[in-house]
Amino acid sequence: MDLNSTSYVIDTLYMIFSMTLIILMVPGFAMLEAGIVRTKNVTTVLTINTLIYAIASIMFLLVGYNIAFGELANDSVSKWAILLFQMAFVGKVVNIMSGGISERAKVIPISIFTLIMSGFIYPLVVNITWGTNFLKDTFLELNLYDLAGSTVIHSTGGWALLAAILIIGARKGRYVKNTIRVIPASNIPLVTLGAFLLWIGWFGFNGGSVGSISSKEGANAVALTILNTNTSGLAGAIMVALLMYIKYKRLDITMILNGALGGLVSVTAAPDLYNMYEPILIGFIGGALVVFGVSFFDRLRLDDPVGALSVHLLNGIWGTLAVGIFASDGNDITLLGQVKGIIVIGIFAFCVSYVVLYLINKVITLRAHNDEEMQGLDVEECGLEAYPEFKRAF
Amino acid sequence: MDLNSTSYVIDTLYMIFSMTLIILMVPGFAMLEAGIVRTKNVTTVLTINTLIYAIASIMFLLVGYNIAFGELANDSVSKWAILLFQMAFVGKVVNIMSGGISERAKVIPISIFTLIMSGFIYPLVVNITWGTNFLKDTFLELNLYDLAGSTVIHSTGGWALLAAILIIGARKGRYVKNTIRVIPASNIPLVTLGAFLLWIGWFGFNGGSVGSISSKEGANAVALTILNTNTSGLAGAIMVALLMYIKYKRLDITMILNGALGGLVSVTAAPDLYNMYEPILIGFIGGALVVFGVSFFDRLRLDDPVGALSVHLLNGIWGTLAVGIFASDGNDITLLGQVKGIIVIGIFAFCVSYVVLYLINKVITLRAHNDEEMQGLDVEECGLEAYPEFKRAF
Amino acid sequence: MDLNSTSYVIDTLYMIFSMTLIILMVPGFAMLEAGIVRTKNVTTVLTINTLIYAIASIMFLLVGYNIAFGELANDSVSKWAILLFQMAFVGKVVNIMSGGISERAKVIPISIFTLIMSGFIYPLVVNITWGTNFLKDTFLELNLYDLAGSTVIHSTGGWALLAAILIIGARKGRYVKNTIRVIPASNIPLVTLGAFLLWIGWFGFNGGSVGSISSKEGANAVALTILNTNTSGLAGAIMVALLMYIKYKRLDITMILNGALGGLVSVTAAPDLYNMYEPILIGFIGGALVVFGVSFFDRLRLDDPVGALSVHLLNGIWGTLAVGIFASDGNDITLLGQVKGIIVIGIFAFCVSYVVLYLINKVITLRAHNDEEMQGLDVEECGLEAYPEFKRAF
């Protein structure tokens, strides 16, 4: 064993470790969403999450990776580890979108969208940001700093979700005249479990995005990244708890956990660049944005059962801006560059997703029939109830 | 720190990492099985899973390791890490067997079988395959390639299960005259959570079985192994989803997840030897075998609530054959050697398990009384219901 | 990459790995407690667990670390990794305490206690044991061996819990005249999942406490530590299963899992110093102490829904004594030194916690109103039921 291969080995091991944490996000999203939707739609949500992981990963392996990064190369770290790490990201973009159209969207159209998103849309976004950027020499050179994807992952998923909600509409009975009906989460322990699995997965997501741990600088950057990631999540949770307590004297745990996720999204663009205190402020704002966003989107009649527009889209934007505000000293990061990145990718992700979803909806209908929706999607879509032995309270 | 100890340290760290992932399979199996059985048997299943982990691990520490591998040695990696890694495997073999006789088998006889399986039967299987093979100089030299146990773990557990089902029989009311009564899973989120914990645990199981990550070749082999492991699981899930949709227009998530597990079992014999595309085919066949197997074993009146015969036995065999088909170039792997390994271990595991279970059944009865089974095993075996506050729908 | 930075990198990676496992204890505690309490208090318990993690971590980052260890230093491992690792410990101390006053303690007073415990009380305990010990030159030099906190973490949390129970009293209806009413756990799969997440987290807790893996000796010490940690947990589970079966012919899984946790606590003071067989005995005694403790504390009318006094306080003491009994050869560990450590920290932790909780209780009342308690704390504290769609059996 020589020093050169030591570095190769350690970085490969570190990529594998990070990838494993990210895969915890698969049950993470699945449990979170299964806990939030009504019992009659739980099996469908779990099926969608499983198929997204399967389809997105295989598509990225077969097609997407090449579009994003070109050929698999093998120099400072095992190419298989890089592929594993990048494959672990893909499903997340679709998860963000599928969660927000839960309880009315069918499995097959989401699966088809997953094919296209993970094979083409997301890889193109990656191409012009983290990847080979085939447009670079012509006209599109983005000067975007986005370490682990506040924009590339979270906003992209969020824009796709916005397109999907505009096409599919709200759940029946959610907005009736001037009232907004609150639909309570059906299983709070699952929501909590899911949120913490996501949180832990984030350590792999952001930490692994640093790329190399095999030098003192690398090791410090990785550790600081994970520290800051965690801190921003903590701050998001605390801010929402404070706001909830001040406003309602009641601590809504689903909101607090979404606050944590909002904090995690908002630090994701540059956890390696902040000092150890800045993520507290970034996460506080991230948490506040979740509280603001949830009622904002409700007022716009954009029905999003899991709050993904607030957590991922708003905080993805905020997180990308925050880099320009807090971390633009002594490097070539500019607030303008960040804004340009947000806008270019936003327009691309939203428009392409809209067109694709519009076409899918034309051909096979994205939305379940009304009586299927009333009965719950599980029976018709999956032929299985989630909790068949438990008597329903209503 | 010198280069020699660097390699020692990294491989020790990697063994510990892999072992930790494998231990995630303990709650993995527990949640999967707790979600599949009826609520009245959930506590019993969880108790069995916990005791299997406890008894199997201690027995392997005290007796089994020595039978399998001889004395604990200490050269290229910490002997404690090797022991930890190997100990993590043992319980899985019994888990495979206990899951398939759920809802009628009692805790104590399974615990006694666990003692014998983990102290003697499994260590002997390991001895003649991965271990010291004390029969080698006399007559039994197996030329079996089985990296992480398609045969050694999964088929062995599967053969023990087949013996157990033949002895214990089907659940009451499962096969009445010519009809097969479907007993639905009671908690789909738990099934999903369990399956994904198993999936993630597999990265440690197969990846760790490569043995050393501390060279470029080692790092590449580990990363390729984990990539291929994952891919085959993805392919298994997709194949079952397609078959389910074509046959029934409904996506049965319990079958899809079993398809993933079938894909994972089937790649397990040689994930380090396949190129990155072969596992797609291997997993597709693995998934198809699950769909075929579940109705095949039902036609034979072999009642297996979790589908373990299809997932572990059929796919264990298929996975071991696949090495001979796809990976026998430029090495001394032969299809015949693989077949011989499958047969020798199959006969040994089945016969010894049958005799041991037969004797246990003679002395203390493997099966719960009829009215205990009707009432659910939880009350009599554990004195605790799993969900005492939830009203049953039936 | 040079050899010096190799060691730095590997130890940083190892700290991050260990920290990640410890964070699994956050959902671990949350699921365990959510499964044990009645459905009407589940959301409150989850909210408390989430807020403890958020508040305790931030407080330790801002205040506590400095009190415990002085300035963040940076020599053999990334200071950010050390901070991350130490931050991961803090919440656990409060978790131990909050679990035992479940079903009657309110969120806000526990949150305030969390601030003080994680910012001041726990850091002072760490200061005089693992930390800089500002009292060393005056009068308090403890000669306590406590690798990963049998006393520093578990007893400290346990003493705080004892103080809290004395102040808050038992749940309504728990002790009526001469009868002790058993309140069954509401969700056994969650209890099991939580216990195993804690178990796995312990590998990081104890293994990481060895401090360095980057030498042959370090690697062996870490692997032995994790092996022994696991073994003691296994032994604790087996002992309780035996005792339960002998006494009641029924295997109470909640007790068996608490036995495992008791075994884990009791080995925690010196898993690096025992040979591979001693943890079996230590864990056996740990398990027996849980069985003894649970009825002992019930006879004293100390109502502790999760059994934390037995698991953490009794076994924390036993584990600290065990070092003096089994591991005091060829080093300067003495049984007397261990006893002194137990007493000094016990008095400090109990008294300060008592005073702080007493004052909090005076100002804002620790305990929910009687009718809030009858109705369940979830409605008033959180405004959310944990399982709103599930009909209650009673």
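We call the chains A, B and C, going by the order they appear; numbering starts again at 1 in every chain.
By our rule, a contact is a pair of C-beta atoms (placed from the backbone, for glycine too) under 8 Å apart; a residue touches a chain by one contact, two chains touch by 3 or more.
These figures come from a predicted structure and were not determined experimentally.
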item	value
Category of the chain touch graph - line, ring, star, complete, other	complete
Cα-superposition angle relating the copies subunit B and subunit A, to nearest 5°	120
Inter-chain centre distance, subunit A versus subunit C - centres from mean C-alpha coordinates, in Å	33
Multi-partner residues of subunit B (at least 2 other chains)	3, 6, 10, 13, 17, 187, 193, 387, 390-392
Sites on subunit B touched by subunit A in the complex	3-4, 6-7, 10, 13-14, 17, 21, 38-39, 184-189, 192-193, 196-197, 199-200, 203, 207, 213-216, 218-220, 222-224, 226-227, 230-231, 234-235, 237-238, 241, 245, 248, 250-254, 256-257, 260, 276, 280, 387, 390-394
Interface residues, subunit C side, partner subunit A - complex	1-3, 5-6, 8-10, 12-13, 15-17, 19-20, 23-24, 26-27, 30-31, 34-35, 42-43, 46-47, 49-51, 53-55, 57-58, 61, 78-81, 83-84, 87, 107-108, 187, 190, 193, 380-392
